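Every chain is named by a letter (A, B, C, D, E and F) in the order it is written, and numbering of its residues begins at 1.
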Amino acid sequence: MASDLKRSSGRRPDQPREIRLTRDYTRHAEGSVLVEFGDTKVLCNASVEAGVPRWLRGKSQGWVTAEYGMLPRATHTRGGREAARGKQGGRTLEIQRLIGRSLRASVNLKKLGEFTITVDCDVIQADGGTRTASITGGCVALIDAIRYLQREKKIKGDPFEQLVSSVSVGIVKGVPVVDLDYPEDSGADTDMNVVMAQKGGLIEVQGTAEAGTFSRAELNAMLDLAEKAGADLFAHQQEALGIRR
Amino acid sequence: MASDLKRSSGRRPDQPREIRLTRDYTRHAEGSVLVEFGDTKVLCNASVEAGVPRWLRGKSQGWVTAEYGMLPRATHTRGGREAARGKQGGRTLEIQRLIGRSLRASVNLKKLGEFTITVDCDVIQADGGTRTASITGGCVALIDAIRYLQREKKIKGDPFEQLVSSVSVGIVKGVPVVDLDYPEDSGADTDMNVVMAQKGGLIEVQGTAEAGTFSRAELNAMLDLAEKAGADLFAHQQEALGIRR
Amino acid sequence: MASDLKRSSGRRPDQPREIRLTRDYTRHAEGSVLVEFGDTKVLCNASVEAGVPRWLRGKSQGWVTAEYGMLPRATHTRGGREAARGKQGGRTLEIQRLIGRSLRASVNLKKLGEFTITVDCDVIQADGGTRTASITGGCVALIDAIRYLQREKKIKGDPFEQLVSSVSVGIVKGVPVVDLDYPEDSGADTDMNVVMAQKGGLIEVQGTAEAGTFSRAELNAMLDLAEKAGADLFAHQQEALGIRR
Amino acid sequence: MASDLKRSSGRRPDQPREIRLTRDYTRHAEGSVLVEFGDTKVLCNASVEAGVPRWLRGKSQGWVTAEYGMLPRATHTRGGREAARGKQGGRTLEIQRLIGRSLRASVNLKKLGEFTITVDCDVIQADGGTRTASITGGCVALIDAIRYLQREKKIKGDPFEQLVSSVSVGIVKGVPVVDLDYPEDSGADTDMNVVMAQKGGLIEVQGTAEAGTFSRAELNAMLDLAEKAGADLFAHQQEALGIRR
Amino acid sequence: MASDLKRSSGRRPDQPREIRLTRDYTRHAEGSVLVEFGDTKVLCNASVEAGVPRWLRGKSQGWVTAEYGMLPRATHTRGGREAARGKQGGRTLEIQRLIGRSLRASVNLKKLGEFTITVDCDVIQADGGTRTASITGGCVALIDAIRYLQREKKIKGDPFEQLVSSVSVGIVKGVPVVDLDYPEDSGADTDMNVVMAQKGGLIEVQGTAEAGTFSRAELNAMLDLAEKAGADLFAHQQEALGIRR
Amino acid sequence: MASDLKRSSGRRPDQPREIRLTRDYTRHAEGSVLVEFGDTKVLCNASVEAGVPRWLRGKSQGWVTAEYGMLPRATHTRGGREAARGKQGGRTLEIQRLIGRSLRASVNLKKLGEFTITVDCDVIQADGGTRTASITGGCVALIDAIRYLQREKKIKGDPFEQLVSSVSVGIVKGVPVVDLDYPEDSGADTDMNVVMAQKGGLIEVQGTAEAGTFSRAELNAMLDLAEKAGADLFAHQQEALGIRR
């Protein structure tokens, strides 16, 4: 692999974009975080509601779920409004299922009690990596919602288990790179989203060859980059939350 | 009418909230304005597309339309996502029809040529007056989109006719007030949205008695307040656009 | 303003069309009224059902709501059947929300008890003013439904508060006119629907400039016409109901 | 079979209800007929549109189709509005397919040219037999639409082939009866709808045992009743159309 | 009628296709039958669920219903997937209503108790007669589901009343024939589906003239063919079920 | 890791279930394959249609896409029919997007010309691994459809690039195993679907920790198992297609 790839952004292959996590971005949600991975901006609002979905009733546990949407002009060309088309597309459903699964790894649902936390991830501006930004920012909003439940004495224990973060990696012009922006993502040979746990280990790995195939060696090189970026993401989350490291 | 109403916000009856218009809020849309009426924040993105709807083809004119949405947690309690429910509600459709009609008063469609400008008004945070903020901010985004078409030499003349702005007025505890916030709106006896033209005159008036009725005198008192606030709104729009007054 | 406008129908500017209210038009509904404003014919059926919508349960009050529809060939050219298209359009939803709000001004919901009255307004033939005819006729059907509840001793007090009627007004070729028919409505500069209460006062005012703007003076001239026609509509409603004036 | 059945309406087993066919019931449709089978009232509007569905284009023929709907309170208890529920039910779709097939037997589609005639059958009041009334009245509306095309010289030949009429028959308390009203229909052992051609012969037969089964002898007894009533229906159609017999 | 019709398949006019009923075709359903009428193959799965639809609750009876679907490429050309189009078509709804009604004639719903049996009929390969095959095979699956309820001692009595079978008949080139395959069905003058009860008698008759009309004599000739084939179908069902005749 | 896991099926950790590929399973589709991974049975029908989706027109290339469905009683308990619910669920959309992406790796779309091949994967019986079976069987059906196009001389070159196959792997009770059946899948700690190319390399990797996390070592152990099973799957595909190895 060529170590001298020039990324259009001037970044090194192992260099993520600038990450920003702004808490209390809006005032109604129990947790509200604007997450920015460079020019990708996603508003993550965590809402607490008493009760759980029907299929969980009476099981003495809570639920964490996510919904994802993109403002029609978050992208280069205007996409139709899903509400106007009358349904969420396959891509949207796939992403919100991924976000929900990932965030549940952050929480002990038994300790959450019969509350549902819904994390709405709405993309204000898109430049690649909206799902990984959503997971990373959504986790911070989720924790703020849990802290609200504790502060209001609605729950006793602490359902928070660990931070979860996510980053994309890929093979661009033969070189493994981290945190692809939209032009890189469009031209990548392979694209992979990795969800990581703060205590170590992988929660989800989704790699797709867009052209040709990828090798085991490339897979491992991409995972190396993701793990390195993950440490950085956990640090950003901790700093935003004021958690001592 | 009692002249000494204490508004919960401390505002005088004829005092609108602080207005802010931030242009170029996102980077993809041809016009992108964040409009704030106090705590009400709406992102207005104007998108230019070549071509017109089927029923206008071959008529040598353009089209301006609007869509409206609210992020699920823009409000005190989470509202269901319209895309997930599979349809836009009656309130949403009613509002986006109003915004579209109002913005068309700003433009000479013949001079626009066969282009469609869609103004997406997405409510990031709601505190009353989202439709009037949408019209006021959407008009600025629309003008930026028209300026884009001129700058790119896609059109020759200037389809911009005049500014359009909007404000809500109402009767709260018997007193006419302007620019109601959510608590005032919820408790108002009468609620009215007024859309005004920069050159003078009314574009739309929608008044509703929420409890009882309202008199002709009250209607006129409300319109007096709206007109006064309108002058202020036009000044804000001009300043944001850098138009000399 | 020119006082000598020739209306295509030969009517004076302040002359509504012939109004007819036929009670007991169909035999199943608790209230069934065919309302005719000239060639506009709307069947208003009021149906009584025990119970209230979920969000009103346990509040010891009733509910009044409306639905609106147009037979596919009520108009000059056939419109698609909304049931076949799979959704009600924005115009339909907007109109039925207006009718429902207006009719609720007629009723003391506390005295109605836990009953829901749904007023279905189905346009058999359209020639302008279908929403104002629906409100005017729907109010009579609503009262018949209330009388049914009293006659059957399902409620004790009298929830009927006052009559509600509605008429359209507009500016056609610069002249304020009342009760526009379809050709006038299509060519009007300004179109306004006014909902009035029998005890005096306005319930709803919705004015829209179709071309240009309208002035405060024009607004007041239109409201003068509406109030004059309102007196006539209340008289028709009272006569149809056999209420001594 | 007991020859002495007392029908609740006092009719003889072979006696249909009073039939009325009122042409030009509304003024916009090319054919507009109110058909009444006793208390069952259906408005049949035939609309002419240039062009044919996509799958018939270029085949030098026309198309005849039907849509069916029921006003929400046409029945004893209010049924939900199909437009509000977002889809037409199975019963509705089944009935409108039947009406369309039946009416096409009336017309030479080749001679109709590239026009589509849509017959909307909307039930104003229901008391059993809405589909048979729709076919019988719809056929008259269809012919009026054809006569319009001829009068306007949009077509040259005469696509009208023959009248089509329909009546229900059934076995009630063991006795074959014709033209069942709603109470009879609800309690019938067997219910059958028969569509007949003016030149003789059957177009459609749909018989259903609601309880138990029916025998070949019963089937034939019912068809005898239908044929007898059919002669009467054709006479009513001819009289309504002013066709000399 | 010409007795010497050559059927494309070489069959005699009164000769059905080869019938096969394979029980236990899949392993999860309480009753699972693959029914083949020649090249028409339908998988009929009967599923038992505790409880009944809302409108039957508390009436101490069970319910039997059916759903029908066709795999997209069961036919000569691919048909769109109904799940992807977002609704079941009119033909589908009509067929599944027919199957449900027919199968209920097989069962004493009172003796079934508060269980619902849903018979899913999914067409794997279509060559005409899919609805008649569905009824014939669905009845066997239904009985297996009833036997499951008895074997598991969930019900006490025997709700099985009688077998129900179905076959299509038609007039092809003037000759009455039984069990039409797709080419015959497409070219038939008249097409009729007949549902028969094991104890004798008809459950449903649906005859449609595709071109012209059919006479009473033709109707009776078709019914003769159906009854003859019915005896054969009952024998196949009994043999499949191991019921001594 | 414990090397002595007892799988409920008695299989060794690295032992896939019995694979069967039956070509020409139905007669209408250009490619029709029943694929069985043990008790999981999926019918894969590949349909050829002239033309490409709108967004590919004029680009001189073809398209390969997939749709996925599950018969309502393919599973232990009956699942609602997606066509009846009016939409495909998120899981369905996610799976059919995966199948489509995977199969496109098999084909040179430029050489396919302006044809669309749709591979319908309908699950007749489910026991875990329906998506991996769909990809493996769908690839064989796709190749049969390509061979049809060549045989009929509709295309000149050979768009077939290479076989694609897929298998699931997971961590069950701490042990990496291949080709999980439903009970294993339900209880797995980690579940991963791997799509492989015949020429070597990975096309898609989707691994999810259902409980806790998985390590890089576990990921690599699972991939080892998948690669071993992949060789076996390619052999089965070649044998079914009669391709000499």
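Here is the rule we go by: a residue touches a chain if its C-beta (ideal position, glycine included) is under 8 Å from a C-beta of that chain, and two chains touch if they have at least 3 such contacts.
It should be emphasised that the depicted structure is a prediction, and the values quoted were computed from it without experimental measurement.
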- Common contacts of subunit A and subunit E, by label, are F
- Query: What shortest step count links subunit D and subunit E in the network of chain contacts?
  - Reply: 1
- Query: How would you label the subunit C and subunit D contact, same or different, if same means the shared numbers make up over half of all numbers there?
  - Reply: same
- Measuring centre to centre with C-alpha atoms, which chain is farthest from subunit E? B
- Task: If we define chain centres by averaging CA atoms, which chain lands farthest from subunit D? Would you check?
- Result: A
- Where among D-E, C-D or E-F does the A-F interface show up again, with more than half of the contact pairs the same? D-E
- Give, as an integer number of Å, the spacing between the C-alpha centres of subunit B and subunit A. 33
- Item | subunit A-subunit D separation of Cα centroids, rounded to whole Å | 60
- Note on the structure: Whole-Å distance, C-alpha centre of subunit C to that of subunit E, is 51
- Query: Multi-chain contacts in subunit F: which residues touch at least two other chains?
  - Reply: 86-87
- Message: Counting contacts the way the document defines them, list the chains around the ring, subunit B then subunit C and the rest.
- Response: B, C, D, E, F, A
- Which bits of subunit F are touching subunit A when the two form their complex? 87, 89-91, 93-94, 96-97, 101, 105, 192, 197, 199-209, 212-216, 219-220, 223
- Task: Within their complex, state which residues of subunit C touch subunit D.
- Result: 26-29, 32, 39, 41, 43, 45, 47, 49, 67, 69, 71-78, 81-84, 86-88, 92, 118, 120, 122, 124-126
